[in-house]
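Here is the structure we will look at, set down as structure tokens.
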Amino acid sequence: MNLGITLVSHVPEITKGLNQLLKQVAKDVPITIAGGTNDQDIGTSMDKILQAFSDNQTSEILAFYDLGSAKMNLELAQEMTSKKIHVYDVSFIEGAYTAAALVEAGVDLSEIEQQLEPLKIKK
Amino acid sequence: MNLGITLVSHVPEITKGLNQLLKQVAKDVPITIAGGTNDQDIGTSMDKILQAFSDNQTSEILAFYDLGSAKMNLELAQEMTSKKIHVYDVSFIEGAYTAAALVEAGVDLSEIEQQLEPLKIKK
Amino acid sequence: MGLTVNNLVEWMNNFATKIEQNKQYLSDLDTAIGDGDHGFNMSRGMSAVSQKLSTMPDSITDAFKQIAMTLISTVGGASGPLYGTAFLEMAKKSSSTSDIGELLEAALTGIKKRGGAVPGDKTMVDVWTELVPEVKDHSLTAAKIDEAVAHTKEMVAKKGRASYLGERSKGHIDPGSQSSGYLFKALLETEGIL
Amino acid sequence: MGLTVNNLVEWMNNFATKIEQNKQYLSDLDTAIGDGDHGFNMSRGMSAVSQKLSTMPDSITDAFKQIAMTLISTVGGASGPLYGTAFLEMAKKSSSTSDIGELLEAALTGIKKRGGAVPGDKTMVDVWTELVPEVKDHSLTAAKIDEAVAHTKEMVAKKGRASYLGERSKGHIDPGSQSSGYLFKALLETEGIL
């Protein structure tokens, strides 16, 4: 796999649960998660996101997030890592699920992005 | 509150985490959850959904789900309860969050449904 | 002779055996284009059904209802509500007829309504749509069942988990179609129903 | 005199005090149209900043960087990356100027880029957009700050959590605008910077 996935949510349990859901259909895809604040409260953490990027075995990562404020920390982390990060404004669970299934199937990035297109929403 | 919310996910942790996220903005909204199969595996359970409907203090419920197969169990449960259930084909987390915030603000159903409209996706 | 409680139970036990024997294969099919659990789901469901039917039901209607509720409660995946709805519709229909063709037709209508799939979407609906008319025409054969299942291979999934793969779902048999194939095979093998 | 490490630290400590005194009010504003944590978020962030600045930084640039990184790491909500970006941009800009108007202008550009909000979206961008020109014109007053904050009351939120409420976000002051008001008040009260 040359593509990995990072999941960012305000709630630690959501990222853990979503990781389980994705692992079912994408057991070989490197998935790393960043849920909650540094104190495990509800919120997001740039540090945790950066850690999730660096823990991911790949150097090109598809990133998904739940609510708008997570995106800001994601983009801050994106500016601070040397890895290639793609952030998608799509339905969080459904988008991450779609991407994971397609990465597992060996589909290339442009085709994945095409399939994510209809899942775009205002976030 | 005369409107409640039921969350249905394939993974117990996702419903628990999402419940936490919604409670932050909708502390007075009755939210009940049905996550995973009867054996706590990944999947959904009509029995759990029916239980979540009956545990909900309200008799009119907005229901949200993650992936397509959850919808079938939701609709089976819908046919078996006497409560009024509205099932939405919207982005799971973002849709449930939007609805919860609006129910908490006392917005009526038609206006809520209008705001959910742009969050509709193929599921 | 037609459908009786006895041969209905025999049909289900035969179906349960086929599922048991092929559960790894069904899950492997599901691994290719889904989440890899279809065989385990169906095996959990059908062994519960066999267990349930070990106490002989009072009537055909009663039997169908028990099968339906057991599948709905134990399967866990999409196939649970789908097969469950199929048997629930057969239970309803069985109050007015015991003709297996009519019963299966009601089941198919239920499956389509429950899942929203149409023929060509690469789901069990495809197999049922091809085979129910064969049952009604008394022309069902093992070869036709195999063919109907094989037809799903070249389809692109539009419903269910496989639909997330888009074009990539091509080239694999749909797992729910394969398990439905076993249901029809078991029916064919049960003397007296068709 | 202009901006120095000393008066910058004084400004921040004054801001931290205002946040501390008003944290419940800020969270109450956020309860009406958000998740009720803005005061607690900012209080966590600004007490960490005060703590950090208790060791005097070597330079203005260094101070801005420390403030930024501390806010980014401790706030937890949307206001973390937003204020963090503001101070990060001031850090960058401070290598070429120590003019507070120019620094705040760079900060505003950063906030807009980070959050994608434009004036009228009922976010802190509204307060900054009204007040940065006042700083540049040396015409900032407490009354103008209060007015800028109050202006957000009648707006409909287009960004941030309040935007999920649509029209219902009207009639409440935006919490991030209120905390930004405190930042500008603290600036106004710190002698020598403006």
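Going by the order they are written in, the chains are A, B, C and D; count residues from 1 in each one.
Assume a residue touches a chain if its C-beta (ideal position, glycine included) is under 8 Å from a C-beta of that chain, and two chains touch if they have at least 3 such contacts.
Keep in mind the model is a prediction, meaning the values are calculated, not measured.
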Statement: Neighbour overlap between subunit A and subunit C returns B
Query: Through how few touching steps can subunit B be joined to subunit C?
result: 1
- prompt: What is the chain whose Cα centre is as far as it gets from that of subunit D?
  reply: C
Field: Inter-chain centre distance, subunit A versus subunit D - centres from mean C-alpha coordinates, in Å
entry: 29
- prompt: Counting in whole Å, what is the centre-to-centre distance of subunit B and subunit D, each centre being its mean C-alpha position?
  reply: 37
- line: CA centroids of subunit A and subunit B: separation to the nearest Å works out as 24
Query: With chain centres defined as C-alpha means, what is the inter-centre distance between subunit C and subunit D in Å?
result: 62
Residues of subunit B touching at least two other chains: 24, 42, 67, 97
Message: Among all residues of subunit C, which ones touch two or more of the remaining chains?
response: 35, 37, 161
Query: Touching pairs of chains, which are they?
result: A-B, A-C, A-D, B-C, B-D
Subunit C contact footprint on subunit A (complex, rising order): 24-25, 97-98, 101-102, 105, 107, 115
Task: Spell out the residues on subunit A that touch subunit B in their complex, using ranges where they run on.
output: 9-18, 20-21, 24, 35, 42, 66-67, 91-94, 97, 118-119, 121-123
Field: Touching residues (chain side subunit D, partner subunit A) in the complex
entry: 35, 37, 41, 72-78, 80-82, 84-85, 114-115, 159-161, 163
Task: Please give the residue numbers of subunit C that touch subunit A in the complex, ascending.
output: 34-37, 161, 164-166, 168
- request: Using the touch definition up top, name the residues of subunit A that touch subunit D in the complex.
  value: 37-39, 41-47, 67-69, 72-73, 75-76
